[in-house]
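In what comes next, chain A is part of two complexes: it sits with chain B in the first one and with chain C in the second one.
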Partner chain A sequence: MLGSMLSQYARTLSVAAVLLLIGIIEAFGLRDAVYGDLLPFFTWMRESSWFGVIGTTYGSIYATVEAVHLLSMAVLGGTVLATDLRLLGVIFRDVPSETLVTGTYKCFKWALFMAVLTGIFCAAGVGDKIYYMQVFWIKMLVLLTGSCFMIFIKQPFLTSRAHSEISPWTLRLLAVTSILIWFTVAATGRWIGFS
Partner chain B sequence: MINELLLQFGHWMEAQEYSQMLVAGYYSYSWLEATHVLTLMVSIGSLFIIDLRMLGLIMPNVSASLIAARLHKPMIIGFVIMFITGALLVYAKPVETIQSLWFRIKMFLLLLAFINAWIFNTRMKAADGNWDMNPVAPKALRVSAVISLVLWCGVVTLGRYIPYDWVDCTNTNNTTILWAAGCVEQLNAL
Partner chain C sequence: MNESNKWDDKKIAAVSSAAIMLGGLVYYWIGEGQSTIELLELAYGSLKLFNNPLIF
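Take a look at the complex of A and B:
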């Protein structure tokens, strides 16, 4: 009885567990305790890792990787917008939303992979600078939230049943949440450059 | 001659009150730049989806012309915002930008990208409609899609290079670079 109930709400319970974990981390000051220990890692990233050494030695390579990062974010944003604007009924009204959700996902995953890979390179080049930036940590948190939301919540939910069986408000809520999350990821990323 | 005229135009813009306000404002320049870059997700994001569909790499089961038609509007909105913010960014730092080699190459690639977009549209209208549901578009359209991807990757990369000073007028003595970047004063001094 309990087992079937738990399996029925596996995703909801996972999200609740993650939120509880975040609460515990905050309540017991674990974040502050870990934060100080991370500085040597960021310094190592900049001074000793391959990415850091290449990024700080060759400015042109760093700028080119930054451009690839931007292009990856552009493709990621394009797939997110195409899908979410369809869920909101703004564009592609004559294409089934299921087709867009499945059709753009592979491209989204590649774009996310490239954005993360190039993002690590860019972060390594300025490792000991971004460590002190609050906006960098906000971006990491939102990026993690966005990736988990997309991979474990939005995509499985939208591919598990016909969209006609889902309340239009749930679809809209998913779309707005997704747009807000990815916009925040991109905006905080841009803000790192200004800080 | 053209470099002198462009430099004069740059100095004239730089003397404008609004140009100075854009740079002096604590957030104004950052907001402009952020909007310019974030709109990439709308404009180039949409454009790349169209190009990738032509190559059969995304949504091959959806009509290619339908994807192009439905993404046309958001793409144009994105590009309009990018051009307005881009023009304002030039207006804020006119002399520096006009004398940037990367900016000049970027403008050239932009021109090529628009010619390619025009050719792409013409080819799409002229193409026999039977290909529309095929996973990949006819060769002519695929070639245009690849050219579009390459040109826009170039535009974004060169846009990223502009803030770097590797080949600024004050950092090089190479006459070809100085001429191409429009470094009039440095060329006259040589």
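Take a look at the complex of A and C:
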């Protein structure tokens, strides 16, 4: 019985397990314990890793990679807005929302991949600066949880059935959450740049 | 509209995780807004968005 329940509610139990893990990490102060040990890694990223050295030595290469990073974020934001504003019924009302959800997803995944790849390079160039910035860690937390939400929760749910079978309030909740996630990632990213 | 009221695994996971994340993000941005207002009050004495010396 337990086995069938585990397989039947695998996603829900995974969400509960992640929440439990976060609770344990906070309750036992594991985040603070690990934080101090990460400084050598960030210092190594800036001073010793090949991408950190390239980023700090050649300003033109850093600027070019950062431009690709921003373009990737723009494409990602475009796919998110197109999908979620359609789910909210604001734009593209003549296009079925199922078509947009499936059509933009491949583009979303590639944009996310490129943004993360170039983001690592950009972070390495200012590794010892961002380590001390709270907003950087907030961005990483929202990026990680947001990506998992999009890939493992939202997309499988929206592609599992016709949207006419889903409550409009559920669709609105998913769309607003998704927009706020990527707004936060973009805003905190710019915040890092201006800090 | 043929709306299904069935709460299966995917729907429970989607709604619960979306609600938790939305709540967390709204809480975060309200906190940021609050600290911004406190900084403005500290800088200007009251929440005046324009630095008008006649206010003081």
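To be clear about the criterion, the second predicted complex is superposed on the first by the 195 of 195 C-alpha atoms of A that agree within 3 Å, B and C clash if a C-alpha of one lies under 4 Å from a C-alpha of the other, contacts with A are read in each partner's own complex, and residues count from 1 in each chain.
In the analysis below, a residue touches a chain if its C-beta (ideal position, glycine included) is under 8 Å from a C-beta of that chain, and two chains touch if they have at least 3 such contacts.
This is a predicted model, so every value here is computed, not measured.
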Touched partner set for A:Arg31, first chain B, second chain C, both or neither: neither
First, second, both or neither for A:Phe194, with chain B first and chain C second: first
Contacts of A:Ile153 with chain B and chain C, given as first, second, both or neither: second
Contact footprint of chain A on chain B as seen in their complex: 30, 33-34, 37-38, 40-42, 44-49, 52, 57-59, 61-62, 66, 70-71, 73-74, 153, 156-157, 159-161, 164, 166
Chain C-facing residues of chain A, complex: 8-12, 14-15, 19, 138, 142, 145-146, 149, 153-154, 156-157, 160-162, 164-167, 170, 173-174, 176-177, 180-181, 184
Complex contact set, residues of chain A against chain B: 59-60, 63-64, 66-67, 70-71, 73-82, 85, 91-92, 94-95, 99-100, 103-104, 106-107, 182-183, 186-187, 190-191, 194
Chain C residues touching chain A - in the complex, by the definition given at the top: 1-4, 9-22, 25-26, 28-29
